[in-house]
Amino acid sequence: MQEAMINRAKQLLADGAVNRVIGWKRGEFAYDITPAVFETAEELEKEFVYDDFTAANVSKYLVKESKKEGKILAFLKPCDTYSFNQLTKEHRVVRENVYIVGIPGGPKLDAEKIKAKGITGILGVKNENYTLKIDTVYGEEIMPFYEAILDKCATCKSKKHVVYDELMGEEGDVLDSNRFDMVEKLENMTAQERFDFWRDQLSKCIRCNACRNVCPACTCEKCVFDNPNSGVENKAPADSFEENMFHIIRAFHVAGRCTDCGECSRVCPQNIPLHLLNRKFIKDINSLYGEYQAGEDTTSRAPLNDYKQDDCEASIVHERGVE
Amino acid sequence: MQVNENKEFQPLIVAFCCNWCSYAGADLSGTNRLNYPSNVKIIRVPCSCRVNPMFILRAFQRGADGVILCGCHPGDCHYTSGNYFTRRRMTLLFSMLDFLGIERDRTRVEWVSAAEGAKFAATMNEFTEAVKKLGPNRRLEDLRCRKQ
Amino acid sequence: MLKISLDKLDKLFEAISASQTLYIPVDREDGAAEYKKYESGMKLSSALNTLRSAKDFFFPQTENLVDFKMEGKNIEVIDVREESEDFVIFGVRACDARSFTILDKVFLAEPVDSYYKNRRDHGTVVTMACARPAETCFCGTFGIDAAAPEGDAACYSDGESLFIEAHNEKGQKFIDSISSLLEEGDTAKLEAVRAKTREILKKLPLAHLTTDNFGGDKLNEYFNSDKWGELSESCLGCGTCTFVCPTCQCYDIKDFNTGHGIKRYRCWDSCMYSDFTKMAHGNPRLTQLERFRQRFMHKLVYFPANNNGEFGCVGCGRCLSKCPISMNIVKVMKALEVK
Amino acid sequence: MNKNLKEQVLRSSGVDVLKCMRCGKCSGTCPSYDEMEYHPHQFVYMVERGDIETLMNSKSIYKCLTCFACVDRCPRNVEPAKIVEAVRLAAIRQQGNNHMNPNQIPEMLDDDLPQQAIVTAFRKYIK
Amino acid sequence: MQRIGVFVCHCGTNIAATVDVKSVAEALGHEPGVVISQDYQYMCSESGQNLVKNAIKEHNLTGVVVCSCSPRMHENTFRKAAAAAGLNPYLVEIANIREQCSWIHKDIASATEKAIILGKAAVAKVHLNAPLTAGESPVAKRALVIGGGIAGIQTALDIAEAGFEVDIVEKNPTIGGKMAQIDKTFPTLDCAACILTPKMVEASQNEKITIHSFSEVTDVKGFVGNFTVTIKKKARFVDETKCTGCGLCTEKCPMKKVPNEFNMGLDNRTAIYIPFAQAVPKVATIDPNFCMMMKTGKCGVCSKVCSVGAIDYKQEDRFIEQKYGAIVVATGFNPIKLDKYDEFAYNQCPDVVTSLELERLMNAAGPNGGTLLRPSDKTHPHKIVFVQCVGSRCDDSKGKPYCSKICCMYTAKHAMLIREKYPDTEVYVFYIDVRTPGKNFDEFYRRAVEQYNVHYIKGMVGKVTPRSDGKIDVQASDLLANEQLHIDADMVVLAAAIEPDKTARPLATMLTTQMDTNDFFTEAHPKLRPVESATAGIFLSGACQGPKDIPETVAQASAAAAKAIGLLVKDSITCNPCVAHSDELMCNGCSSCEKVCPYGAITYIDKEFKMPDRTIAVRRVASVNPAVCQGCGACTVACPSGAMDLNGFSNNQIMAEVDAICK
């Protein structure tokens, strides 16, 4: 795939159809891949990479990149196209300035998962028939591919591209994922258990803002939590309340806009399952206001900017689930 | 919130009322001398859709034990659709608070028209009682703001 | 050297925690390690390092400095400082141990930060030599020997026993307090283990990274480098690197109105944040490029310039594994380096 | 006026007699009108006044066909037929005037008493 | 530094009896920024207001907090007082310590404590108040009247009289409405047509009035003084400008079996028709559901006979757009459908009619030329039974809960007219209550009883049964005689309840006005603003607001006209300054706010900005039209970045109130 992508990118650059390419750049190790913009064939040859570790969603970079001079080629995985569509809908990207090549997505690998197996000193990772052969300073290690995939890929919602100018590889389908299982499990706990669970999780937050800054729905010019005039700004969670406040409000702000790309949980240095908050909103929206997938199109009304006269009352919260 | 060993727990209730229906309904319950507990403190907003979830969390942060939001009945919004948006926003917000294990009875939305002074008072009585039963808000408070 | 059998670690921890608070790294449910206050039954983590660095003990993420109470036009200032109690941090790695030296240069220089000093005076750092360094480790770049950590006292394991030696008076005092559990041991096997560790260190992918071309005198070489643009373009501007970093020491001081008083507190700040060092006139570093450059110039140029060549990095590798987009000081050094 | 009786009739019928606006449509539509001493609208009014014994002693309660025409026609959903039925029920109950009370039961029980009888007794007397 | 004045009102004993006003003033005096804190017997009195004004001048106040009754009561009073003293009126905040404190709490200690907290919240808010200046927006000097019945005609005439252009939109081919169908009017018994048709003509001839007949309002945009209305001119297949109303086409049209709506379907009309002789505009209309030409393509008679060539089978609906400063709703009423009242046999027996049908049966222009004949066999009825309250005063499941108000009087009128013209006819009226408030109304009813011997029987008809001999058995109760009656009537007349026209509900949505559960338009205040809707610039005329007789309708029509004129004479109107505004530097241009704005007040512009990172960027940002925005605040919550905020109820102001209350 990588070779084909490089070739196609070089071709488009040569044609003048685009003047830049956004993709992923090789790192020091097998897994530390950085999103990057390439301007020349040489750069592409040398550093462009697309493999099992290129999980980063590059659509958010297009907020800035699509406003620059000329057209940019973006290789988007299925999940990234949802984000891109949502950004288009919100006028955050200039669609005309982006040439989208849809590429097959994951499952992508999570280096943390490999390390969690006690495998350290990783020098290289090879996928041989869904068995990972990991070369380390302590010798070669083996683990099953599927035990090392990212959580977000394990609950993939769709392998279909919702927007593209051309496709490479085979197109997939919207999947019948089990992504709400964990939300449901939590819903079936008692309030005290849920409280304990979240206190445990959110107390780990160091407020590094990685979840927010990576989120393709969080593209505010200035976040309320960075704005001293908003009255809620803070740099560190000085109190358990602020951890709640930040994550509730952030989830609320992206409710109906979050495409469930899973980047928030992927980047959290403290491994907080933040995507559960977003999925809770998605699940509620689906069950209360009808199925809705943010980013699926660029025209539908976001559920929170819409209403029906016979919507359920807020008291429904009191009536269902476990107290 | 105040707890006194000799006195029973007196919850602090913040009520957001829309100017056109519920605030007028609250006024009417005053005009009709219908009692409800002084625990309830009303904040006037033009429409229930003005209430940002942040205000509700802020109230809990600062020591409120219950927050209730009152607006025009659906279909009667002075601004035609404001309360419909409120309904969705608050349903989702309350559901999220519930998901985080915050007691459900601390939050409520009630539609009170300008003519429903009695309903306003009854609602406030009920809500205060319900919050009283729950005791002080401990799950969504800011310890720094707790009164010694 | 004094030693204790590894299967008697529980007794050791019990003994330490009987007289003072003890913190040890333990495994969290999600697999990461973190320092926890020791309670009976806790097991020492075998992880290479904790997710958050040990700097929290001396320089916590948020810290209340002072309270104010206002009544009419009177402002009452309430000192909320409390003398710390003695505590022990056990199992600190060589990199983190060096980070204290770096933090000391900042906080213990005049004017002394009394909050920091208070904690530093009461804390005993007991380090633990590394046996299984990871690919992200590059402490050697900064002259740190992972097999011979600094600290008030150091521990080494040969797989059977834990060896302890004191590096200073504080460390000696610590050892004295547990001497009844210790016995003199033979270090032959230990030396073999250490030698092996050093072998591995040499084989690590970053073993050849050096600071030779960085330092206080390199301002002109690097400040206007054209590499900063491409290095910083993918930076999200989050604070992960700075918050997991054992040496990042920037903080902000803020007031919080509780409704019945003001709490003045300080909290970590991050040079990656858009409002970093924002002042009345505005923000001196307006672009992410400038903020990104600040972080690495600080660690590689400005800090050594002001601290006798000491670099502001200990090569712990946390930022390498935690950066959401895998941009880090190693990539910066390699891209920037002018030989 | 008998307050308890009124209470009983109102409760067992579930009718709100205050909704009546005295239009008389019930009586206007009643097929048994001429047979009845008291007519549907009077039932409603008299129950409102609490004058229930008079109704109970009147043959009118047995003349009502329970055809529900009044219920169907009443513009205000007062449901006079249910009132008539309730008065009739009150009369039936009073005939025995020997309500059974749960705490009297244990001493009345003996092994030969069929369980069915107890259940029936409850149905009959306690409503 | 703020200099805030606090003024605590005793309101006689209304507040002072349960709130210790002195301690409130004392406590609030210690709040930051408060430089003066006073209490006074009646703050709203002139001397009370002077106290405020003097304090503003003397202490150079930057904010005023009045602890008194509800802001809905006196906020304006104190704002004006502040303005008179040179302080921006929007720097005044009211703490409601009467309706929401002293009147609901009995315990002085807790009421006082709460009053102090409410005062503190107001002080906290006023700290953040910004001086606001109300904007102005121009007024389009033209009014729209929706509905061309007597209410609409009267309103239009009055507005035109004052010199303003006014358009009438009528959905039927002619104006005139229900009154045109009525025979005589109570209590004077003068002919309805005789008093209505001159008004219709006057309206058609008035230069200032444009009549859009056979037209409907399809869209309303804008706001007070500046409405843009789309009117659909339905195709009538006759060129209005050419048609002379000669009526030749209607005579020649071969399709003569179309139920005549004007005569309530009691006779027939042709497919091309003019509803009635005095129709305005007197223009023919083709009913495409019946026209042979339109249905089969074969006929064209009307087109052949029309000497001016007005017939146009290809005509299509046209849409016109017009700007208006004011809109008057006069959509009127209809009698309800009686299908569900089986007991009255309305659907089974042609001789059971509604009162409006009776009007047509008795009218000289009606199906029988004014002679009262039974519809079934065209014989004179000798015994007529009137049934009152059919579908009125019902439980919700059975009909309308309200009294239709006009039935008692028109029934007395009918009874009297019948007895006058046909003395051999016996007339029975079954009533629940006879309601005749109004000038000369009860006298009128008494005349029916005393002079015309109409039999008024208290009781309701239970069942109407048509008999095979042509008679109708009316079974009813006579409550006073306590007996059940059976009357063998020749005709039964049902006083059907009236309800708002069906077009009113969608119109209310377009106009963003409120309706009650019965679909009557809700007035802004039931007593003090009976002809205005709660939406500025929309006025109510006639039965669309509630059941009314003709004099009341005309009175309200003129009142609505006066209100509309009061608006139209202004060159501009002052806008509510408490509107939303967007901080362009923070706005993402995501369109969330636009999606929730019920007024379409938000638009987006591409604007060049100097970005914080020294670059120049063209960004899409929201812009609020302050004249259109009504200040609901929906956008402020939809906006994730907080760029959108609301004047007078800003995020910070509300949070300051929250903080103060929770302190």
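Letters A, B, C, D and E mark the chains in the order given here, with residues in each chain numbered from 1 onward.
The rule is short, and it goes like this: a residue touches a chain if its C-beta (ideal position, glycine included) is under 8 Å from a C-beta of that chain, and two chains touch if they have at least 3 such contacts.
Protein identities per chain, from UniProt: B = Coenzyme F420-reducing hydrogenase, delta subunit.
These numbers come from a predicted model, not from an experiment.
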item	value
Chains contacting each of subunit B and subunit E, listed by label	A, C
Subunit D and subunit A - chains in contact with each	E
Most remote chain, CA-based centroid, reference being subunit E	C
Far-end chain from subunit D, centres as C-alpha averages	C
Chain pair with more C-beta contacts, A-C versus D-E	A-C
Innermost chain by mean C-alpha position	B
Averaged-CA centre spacing for the pair subunit B and subunit A, given as whole angstrom	36
Subunit C-subunit D separation of Cα centroids, rounded to whole Å	86
Between subunit A and subunit E, centroid-to-centroid distance (C-alpha), Å	52
Inter-centroid spacing, subunit C versus subunit B (mean Cα positions, whole Å)	46
Set of subunit C residues in contact with two or more other chains	256, 259-260, 274
Where subunit B touches two or more other chains at once, by residue number	53-54, 58, 61-63, 81, 85, 89, 142, 144-145
Sequence positions of subunit D contacting 2 or more other chains	none
Chains touching one another, given as label pairs in label order	A-B, A-C, A-E, B-C, B-E, C-E, D-E
Residues of subunit B defined as touching subunit A within the complex	53-54, 57-58, 60-61, 74-75, 81, 84-85, 87-105, 107-109, 139-144
Contact footprint of subunit D on subunit E as seen in their complex	343, 389, 393-395, 397-399, 430, 432, 458-463, 475-479, 482, 484
Contact footprint of subunit B on subunit E as seen in their complex	70-72, 96, 98-101, 103-107, 110-111, 113-114, 117-118, 121, 509, 512, 514, 534, 578, 596, 598, 630-634, 636-638, 646, 649, 651, 654-655, 657-659, 661-663
Subunit D residues within the subunit E interface of the complex	19, 21-30, 33-34, 39, 41-42, 69, 73-77
Subunit B residues within the subunit C interface of the complex	62-63, 142, 144-145, 147
